[in-house]
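Consider the two complexes below, in which chain A is the common component and chain B and chain C are the respective partners.
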Partner chain A sequence: MADYWNIHDMLAEEEKVTAYFNVGSTGLGRAFDPSCDDEDLKEGAKLEIPLWLTKDLASRGMIKVERPSYYGPRVKNDLQADPRCVNLGEKSPYFYDVGLRLLEVSHDPKLAELLNLTFQRRYQQLLIAALSVQADTKDITRLQRVLSAEEKKLFDDGRLSRSSFESWRETTDVCSVAPQTTGMKRSQPNVSQRVVAPRLS
Partner chain B sequence: MAVFGKTAVQLVQEVANMDGEGLPSFKEDVVKKVLDEVDEHHKALLNILSTVQDAGLEWNQMEANDANALMVHHESLLRNKRLLLGYVNARMNRIKKTRWHKGRALQPELKERMAPTEQQFFREYDKLLMEYQDPRTGVGIDLTLDMTPPKDHKIEVRVMARTGFPVILMMAQRLAVAMFG
Partner chain C sequence: MADNGPLSMLSMSNDEMDFVEFCAGMEPIDIIPNFSYSRVQIIDGEYGPFRPQMQVSVPFWLAMLLKSRRRCAIVPPTWLALEQLEKVLDEERSNQAVFQPLPFHYIEVSEQLLKNAKDDIPDLHLVREKLRDLQSVRHNKITNGMNQIDTATTVELDNLAGMEIATIRSFFVGTLNRFHLHEKKAEEAATRAAEAARAASEAARARAPGATEAPQNPRQLRRPR
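The block that comes next holds the complex of A and B.
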């Protein structure tokens, strides 16, 4: 799923998650935690580590990953009350990407459902704002502030698509249909195929 | 001690925030720092491996603590590699784009911001493109001139012979598109 060359995937994987170390780590005490007074990291340590480091460690049972608080019950309640008001951009710019990566590790159907529902509800509002012509600029800036990075991309693409459509519709240079073809039934592609080239006599 | 790819992330963040045009200057010092970190991880990795070997242990008998540290160093190496490649790749794409949109001459202010290897890449990319566009070795058209398709879908043709039957219909249009389009 993750694209090796995608810059945003790289940044999404930099998000921190809490990990419980089931085993210690030789010589990495200070690297993980500067306040650690031992060279080695002790078993049972609880640390914030970037997401990219978790996958292989978790799959070998060396660590246990805890979900960041923004997938917890409080945010879930907020999302269920009104998904539009939750500021995902502030909580985690890569709300969905990080969630999907966590799913690779935990396979938790509840998390999958949360991501799915959140996206469904927010997408509807996002789409309306992106495509409507009379959208209030104040509304748009307010909305842009609460979007996650993935949503922002969709939103910008939506706006671009709408403005391209507008400029296409307003082109004055309307293609005129050549007089020879006016009688043709364009809906019947066979007609043109049946036209036989005239013989030169 | 290394900081698990934090340094390299700065580079990627920079290219992620690039706007439509222009190129930030190549951060050679940061790249060098990342390479040093990679070296550090590598040494630590070899260190752990040699202690395991000295103890006369097989790989699957390794202490869990050592195995964990080994994994962390290994993952950090791969992470740094990916971030560095991402940085260079994003810049390379930008440089290619410059060749297509701004032409053969490299603007001095852009040249200043490129690393010597990037300048060399630009020259060689230019050479390849020129070879492809050359009438003797390639297609014989300057492909960078017209980057957008024409607005008008109709073309002008000269009728060479009277055929006596006006069948300039869909077929003819298609033919023209196939031949000149």
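The block that comes next holds the complex of A and C.
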């Protein structure tokens, strides 16, 4: 599902997750873990592997993926208590995308629900901070610290359109809709006195 | 991941606002020229003839061009009259459910007129004030409406103006995309889980009638003391 060229997808897939190997594999011991004693990976070995590797291994039944702790009950309770205060970016910069990838591996409806609810509840403060005119700068700085990368992108997008609208309104200059014209109907005796329409910026 | 469609490039900078403003140049507006000129043909149609003191309809960009040369007076559009604005503003405040119908480019046109055709607009300061009020009331209405959204839905943006859409586009589209993505993934996970459960139960049923395998005794797995 990941977009091959999307830098955010790449970074999200770099996230390490814990996996238990259902089968041993020959010659892979040191490849995953340099401190491993053996050349071979034993059955039941516990390893941290990047997310992109899990999908294919799990679909063949070769590993069992353990859900990272930030989707666990403690964080879930925090999110239920007040979703707006939980610092998602600190837990995993790609909280949602990593969760969605894990969903492809583990098909856990509870995880899907957790992700959905979290976004639903956090979206409103995002909206207010990004698009509201009367948003408080203190709130905004506080908010920016707790956002995940996906939320941050949305927030920045919203903030950018809002501020470019404001700056457009301030700078709407004399006659910016009119194109620049070269010829004037009447002859102009002095170049310096010529009225020049500003360029379409 | 899905981007914001063909306009995603524009939303990267101020360009989107400039683009919307550029589109506003096509709005027709009435002017009263102070010069004589024959009919002119330009790409989107014929305009004129221009006679002094004779009202004529031209595209907005041409009106602004002529105005900057002091070649015409602008006839303010009817919706820009103070009474009309007050009426719309009252309606907008009292009826929270819908947006009042205003021209699609009302923000762009009014901002330009208020800056470049000051002498043609009666009650300039009051009109400006009302317009700002109107904009902020509508903007609050938009954010309130967006606050209700908690799932990937279709939304109607009836009577929203071009500039108002431009200010929310990237955020709004991004949010809806994310809701959609979450729901799609949840659905996929649910079907896969159901498939896996069905396969497991079928396998169990296939095994059950023969009962060839003796159930494992957990004690056997323990180490003898």
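Please note the rule applied: the second predicted complex is superposed on the first by the 166 of 201 C-alpha atoms of A that agree within 3 Å, B and C clash if a C-alpha of one lies under 4 Å from a C-alpha of the other, contacts with A are read in each partner's own complex, and residues count from 1 in each chain.
Everything that follows uses one rule, which is that a residue touches a chain if its C-beta (ideal position, glycine included) is under 8 Å from a C-beta of that chain, and two chains touch if they have at least 3 such contacts.
If you're wondering where the values come from, they're calculated on a predicted model, not measured in any experiment.
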{"item": "Chain B or chain C, by number of chain A residues touched", "value": "C"}
{"item": "Which superposed partner A:11 touches (first chain B, second chain C, both, neither)", "value": "first"}
{"item": "Which of chain B and chain C A:140 touches, first, second, both or neither", "value": "neither"}
{"item": "Touched partner set for A:36, first chain B, second chain C, both or neither", "value": "neither"}
{"item": "First (chain B), second (chain C), both or neither touched by A:115", "value": "second"}
{"item": "Chain A residues contacted in one complex by chain B, in the other by chain C", "value": "8, 173, 175, 178, 181, 195, 197, 200-201"}
{"item": "Chain A partner contacts - residues on chain C that touch it in the complex", "value": "1, 11, 13-14, 16-18, 21-22, 24-25, 60-62, 64-65, 67-69, 108, 111-112, 115-116, 136, 139, 142-143, 146-147, 149-151, 163, 166-171, 174-175, 178-179, 181-183, 185-186, 188-190, 192-193, 196"}
{"item": "List of chain A residues in touch with chain B within their complex", "value": "4-5, 7-8, 10-11, 14, 21, 23-28, 30-31, 40, 43, 49-50, 52-53, 56-57, 60, 62, 173, 175, 178, 180-181, 184, 191-193, 195, 197-198, 200-201"}
{"item": "Complex contact set, residues of chain B against chain A", "value": "1-5, 9, 12-13, 15-16, 44, 47-48, 63-69, 71-72, 75-76, 79, 82-83, 85-86, 89-90, 151-154, 163-171, 173-174"}
{"item": "Interface residues, chain A side, partner chain C - complex", "value": "3, 6, 8-9, 96, 100, 103-104, 106-109, 111-113, 115-116, 119-120, 123-124, 127-128, 130-133, 150, 153-155, 157-158, 160-162, 164-165, 167-169, 172-179, 181, 195, 197, 200-201"}
